[in-house]
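Chain nomenclature is as follows: A, B, C and D, assigned in order of appearance, with residue numbering initiated at 1 for each chain independently.
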Amino acid sequence: VPENYPDRGVLDLRLQPVTHAGSRFAALADQHATDAAAAAAANDEDGRFPVELFDAMKASGFLSATVPMEFGGMGLSSVRDLGVGVSRLARGDGSVALACTMHLGFGLIGRRLLADARTSGNRQLEENIGGLLGLLGSGAIAMANFTEPGTDVRHPNVTATRVDGGWSISGRKTFSTLSEIADVFFVSLRVDTDRGPVTRSAFVPRGTPGQHILSNWDALGMRASGSHDVIYDDCVVPDHYVLPGGDPWGEESALTLRIASVGQFPLVPVFLGIAEQASSLAHAAARARLAAGGPRAESGRGGLEHLLGENEIDLAAGRALVDHTGRLLDAHLTADDAATLTLADLRRLHAAFQCSKQAVNRLAITIVDRSMSIVGGSAYQRRHPMARLYRDVRAGPLMQPHSPVEANQYIARVLAE
Amino acid sequence: VPENYPDRGVLDLRLQPVTHAGSRFAALADQHATDAAAAAAANDEDGRFPVELFDAMKASGFLSATVPMEFGGMGLSSVRDLGVGVSRLARGDGSVALACTMHLGFGLIGRRLLADARTSGNRQLEENIGGLLGLLGSGAIAMANFTEPGTDVRHPNVTATRVDGGWSISGRKTFSTLSEIADVFFVSLRVDTDRGPVTRSAFVPRGTPGQHILSNWDALGMRASGSHDVIYDDCVVPDHYVLPGGDPWGEESALTLRIASVGQFPLVPVFLGIAEQASSLAHAAARARLAAGGPRAESGRGGLEHLLGENEIDLAAGRALVDHTGRLLDAHLTADDAATLTLADLRRLHAAFQCSKQAVNRLAITIVDRSMSIVGGSAYQRRHPMARLYRDVRAGPLMQPHSPVEANQYIARVLAE
Amino acid sequence: VPENYPDRGVLDLRLQPVTHAGSRFAALADQHATDAAAAAAANDEDGRFPVELFDAMKASGFLSATVPMEFGGMGLSSVRDLGVGVSRLARGDGSVALACTMHLGFGLIGRRLLADARTSGNRQLEENIGGLLGLLGSGAIAMANFTEPGTDVRHPNVTATRVDGGWSISGRKTFSTLSEIADVFFVSLRVDTDRGPVTRSAFVPRGTPGQHILSNWDALGMRASGSHDVIYDDCVVPDHYVLPGGDPWGEESALTLRIASVGQFPLVPVFLGIAEQASSLAHAAARARLAAGGPRAESGRGGLEHLLGENEIDLAAGRALVDHTGRLLDAHLTADDAATLTLADLRRLHAAFQCSKQAVNRLAITIVDRSMSIVGGSAYQRRHPMARLYRDVRAGPLMQPHSPVEANQYIARVLAE
Amino acid sequence: VPENYPDRGVLDLRLQPVTHAGSRFAALADQHATDAAAAAAANDEDGRFPVELFDAMKASGFLSATVPMEFGGMGLSSVRDLGVGVSRLARGDGSVALACTMHLGFGLIGRRLLADARTSGNRQLEENIGGLLGLLGSGAIAMANFTEPGTDVRHPNVTATRVDGGWSISGRKTFSTLSEIADVFFVSLRVDTDRGPVTRSAFVPRGTPGQHILSNWDALGMRASGSHDVIYDDCVVPDHYVLPGGDPWGEESALTLRIASVGQFPLVPVFLGIAEQASSLAHAAARARLAAGGPRAESGRGGLEHLLGENEIDLAAGRALVDHTGRLLDAHLTADDAATLTLADLRRLHAAFQCSKQAVNRLAITIVDRSMSIVGGSAYQRRHPMARLYRDVRAGPLMQPHSPVEANQYIARVLAE
């Protein structure tokens, strides 16, 4: 992982952790990023999920970082610092960072739900959540299986039907990042009731009969993320694997908003990290061109300085957005003393996250595009790292829960409430 | 000062103070903003400096906020929180906020220089700086008189020449914000020596013979900021009013970099505050249009929601940049334990500030432009508040020390060092 | 009117006329632009309509250019070449060019309506249109009085009611450009019928009792355009001054689409001309800075070259859009053999014009903004020509018939038909 | 090739030919585009050059369109209409269109050189050029072999050295589009002379001993263009294959400027065509989403209409730039009576072309990016046509002769001359 300028303390706008657990996490992220970078080209070429990297991240404790210490984790509770580490890992390989975020959010959400259960004295829920955290602390991998073709996350069409002793799940999920190795799938469901359809969610252990993980992820970018389709075909789980509640189908609920904001915010720094890596490659190329001297250096200096300056200006905004939004979410969603929030409050926090997501997605795409111009024609070779970044970075605006097609409406309506 | 959405605690990305002094300062800023807003149209129309507002800000302690408590101030030491308050004031009137920033930085810089003097045991400097802080604490207004026509801040052409018992100053300064009421002018100078020209600076008390403050500020916007030209014509000050040192003319020095970063960073939130105010006006107009119903509401809903969403996305970035950059400067330039920094370090911090300045200037201009489209034709009336914001916001990119013409080169070269 | 580079034939993308009448018109535009430029600052300062410039444009034949030769005009029939000339005039003063466009379209539309009347054998209409063209050919000034506060052009609220021998008109129009000197006002009206409200339009001669032209134009920019409010208070006109037909209120009609496309297209080159003038000022400033040498030239060269290049790239697009759209409209709306068009066809042409309008408005605003940065701090003085361009150029997106709030929806829906 | 809206004559801003030969060429382009589209996915997948498509384009006369009729071609002499046809073909497959442009320019340049030779009475040159045109008329494929790694087109490092009866050529060319099937390679060379190095160029027939065409094109996009490296290793050609003249190495010459402007302008519509195709796919996806009804249609309508409108606005600019610039080049470079031009004139025309290139490259990238957001997640599948367009369109800014790094400086300096 090249650096675009020497580290003299933290005398610039690059993101630094602010918690102790965050510092440990970021340091591990830097280490794993080095290995991820070394393997990135080959994994991208083959569309191969890097199992051995995930084994190493399990072994180092990186993948259980967000699990509370009492359950064997690192106790990282700041979603901002989670984002800082994710951005570091993404400098090595965006696919790997993306896949990690799908799992790491569970620790933060579980921690919160556990505290709520303890506060409310719901012993059954406390036990269930504790069980999940225990699994995560001992190395299990969880993933959120929400996305389906032709609908949005609020309107799942994978159904759950009551059967003897449990529920039968049927339907198809797509973009199932981490499905290649996940031990637990957290699946959003539609349940038809007398009151109309409601949305529920269930934990499905890997290998439950009826679950079929297709090995069909073959995308433009993020090719090492193992985001296969998963088919559920009369897949039966016991009753207590299905979470209580049941919000009206199509409506935002407090739980889904919490999951979306805490669980998906770390996607934002994935794209920041990709942009930082692109900027580093551009710096190196510009330095080489200017150092070579001759007519190309002369004709390029003004343009290079302009474009490098633009990259830094855009990176400043991207870094600031991750910092500022991360602090907001930490203050209200992940901190120990985070306030009790209404649905309206949660929508406002979610809208803030969406602003950050849209802005960073755009900035990252712009930075990668500009960096490609700086590197020049060689960046267009299929095996040049820049070509991979160009493909990877474009995943951002397509990520759930709000694409550029819906985001502005959502933001405008929430703020007008 | 309208608000674009109801305040439910701090559940969004708007800037909040993080220090106690910052909270007091921000609360005062909100109050003064209300008065500033009420007078803004008339002051803009007449190009009139609002002396009475500044009297009120003196009386409330707002204008001595950055002076250490031992010298009678509020002890606000965070440049980030200074920025937060400045952005609040700018929602009322950008001109007033701009003028305040020119003075408020002196408290922060003085505090730092005093600490350095104490550390190094320089009693004379300690006494001088203490004297200045005492003056500021008792209500004196200071201003930085750096800008000249046809040159940049590193190459002043106002000269200081040795005379009996002091120095004689001659030349012309321009864009002298606050000159209408300043008690102390901090003037950058060129002194010709055997080693070639050097840059020095001097304090010139208002009313020193030979100082002529023209009442000629008549600009496109920021019309209430009193940014007249000041002519120095054989204006003699005693020896100890001229600061020691003397860096080679045209070179950045540690002192000027500190002053530029700490003293000018609060300019950035001025333009954020203007953008926030424009966004509020746009929200109000959009609400009214949609509430009116009928064909215009129907034909406008999609477009309005899109544009309002864009404003929020851009505001998120602007707010984040002020937060993130403010924290960086606090960690290294204003905190009590801020590190000893090399010239290279200071240049890196200054480049970070420049990234933030360029980004926020652009975002603010874009937000005001978009808000004008949302408000529609009425915004083009000369007396509509939106028309003033449109003129005021354009000052940003023209402010020292780096215009868009030079900023990218500066940033690129610093980061390549 | 400075030029940004020497004219060596037409070896660049600047717009050139392609018809003989267009060449005469453009040459006159260049001459009048010189006079307009000389008076622009004073007229802007005072918000004064330049009657003497319009007298000179009448005397030269410029203002009757679009009237067919048989009626005493220049026979300019190309709306593209009309646009070319308008852009030249706008380099001198955008206000003057804007005001002219409101009148010049009538010749083109009249010519077309006359041909239609002749083809269809409608002698009464032929006579009426011929009468109007005769008036225009002998120097009368016409203006379109369509805009009202709080509604859009398709939903006029100024009413016409049947009275003995004619119609009584009542209500308020706004942004009535040219009202200061217009001899004939073409007023859009709402008529309530048994079938519901319909839209009609009438010619109201200046001085008809009940017409009150307020002298209240006092805007951010375009201050010399005399765009006052006009009040109609039981203003009675004879029957044949009201055009036949009557489309359902709120629906686009063939006539209004023709008028909008042909009559308002020349607004687009107004903003191109303003941008060209801004670019010229920027070139001059950059040349001066580089020629002065010294540290500012050195630190600015790369940035200046970048920004000047950006201006040219944006100007290329703006010029191309006026050329390309003008040719499309000429081929279908103003050419002698222009096809018979359905309402759907006219909507498609109108959507094309809207694309051009939105694009050029944005480009012009961007070019003026960038040029201001190139010129630097002096451009922010109230009396600097750049400050006027900055205020004038912002009128573009607010002009009828589609603001940025509605334009995209209109374009998308037309193209989906 | 889907269309984004039904063709009702030419009532929109899409490009139409203006010459008879251009109409024939465009009609053939539409036909070949259909075949190219059908094969595009497979050729992209395999990085395979579609020899059979080129055979069909030879057979139809498409590939000899620019050859004068006296030499067996179609007599297409308008570079604008060449561009129109190229944009049509690019809707089918950008790679194929790109490859064709590299060959089709030779007819236009040859036609011009032949006219010059006849005017000046240079019989030898007339014969040589006539020979080349005869070859092209009978189906030969020519390509320009200019680009080398690590230098720009003005500073070739492939050398030519005098040998007995001719010249020996040695060095490496890269990005040699069409090299897979070209019969004649037009190679830029460096010749060291007593006066210093000069630039010359030579025709090298395919199969000349010492020429080695590597089959190594393996790029991010434009994968069917066969742009291999070509190595020249003591490759000897007879004397008259090397063009006379010899401009100082590193300086623009009249010949290279003509070749660059006429030969490379058709690259611009390649990227317009790609953007048009992306827009068509976006239209189809939006229609399907809205037609499906339900919550996604409701939540998406405003956003979709906004984004579709933006696409049309950007397409309008792109189409206008190709039209307007094409007309300029036709008036001065390819028309029969095109003026005798100085080097300064040619530089001005070339700068105009560069403005157009930069603008269209950016617009095309933006349109493809936006279209991808409209299509949504499915566009990120590797085999989705959108994913290919995303990779193909990024070639634009990297194409010779001016990347975004150098273009602005070039433009600014030419216009300041």
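FYI, contacts are C-beta pairs under 8 Å (C-beta built on N, C-alpha and C of every residue); 3 or more make two chains touch, one makes a residue touch a chain.
None of these values were measured; they are calculated from a predicted model.
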(message) Between chain B and chain D, how many steps is the shortest route if every step has to go to a touching chain?
(response) 1
(request) With centres defined as the mean of C-alpha atoms, identify the chain lying farthest from chain B. (result) D
(request) Between A-C and A-D, flag the pair that has more C-beta pairs in contact. (result) A-D
(request) Using mean C-alpha positions as chain centres, tell me how far chain A is from chain D in Å, no decimals. (result) 41
(message) How many angstrom lie between the centres of chain A and chain C, each centre taken as the mean Cα position?
(response) 51
(request) Would you please write down the residue numbers of chain A that are in contact with two or more other chains? (result) 302-306, 407-410
(request) Over in the complex, which chain D residues touch chain B? Could you list them? (result) 301-303, 305-306
(message) Using the touch definition from the top, list the residues of chain B that touch chain C in their complex.
(response) 147, 149-152, 154-155, 174-175, 218-221, 250, 292, 294-296, 299-300, 302-304, 306-307, 365, 369, 372-374, 376-384, 387, 390-391, 394-395, 397-398, 403-410
(request) Sort out for me which residues of chain D touch chain C in the complex. (result) 4-5, 8-13, 283, 286-287, 302, 304-306, 308-310, 312-317, 319-321, 323-325, 327-328, 331-332, 339, 341, 344-345, 348-349, 351-352, 355-356, 358-359, 407-413, 415-417
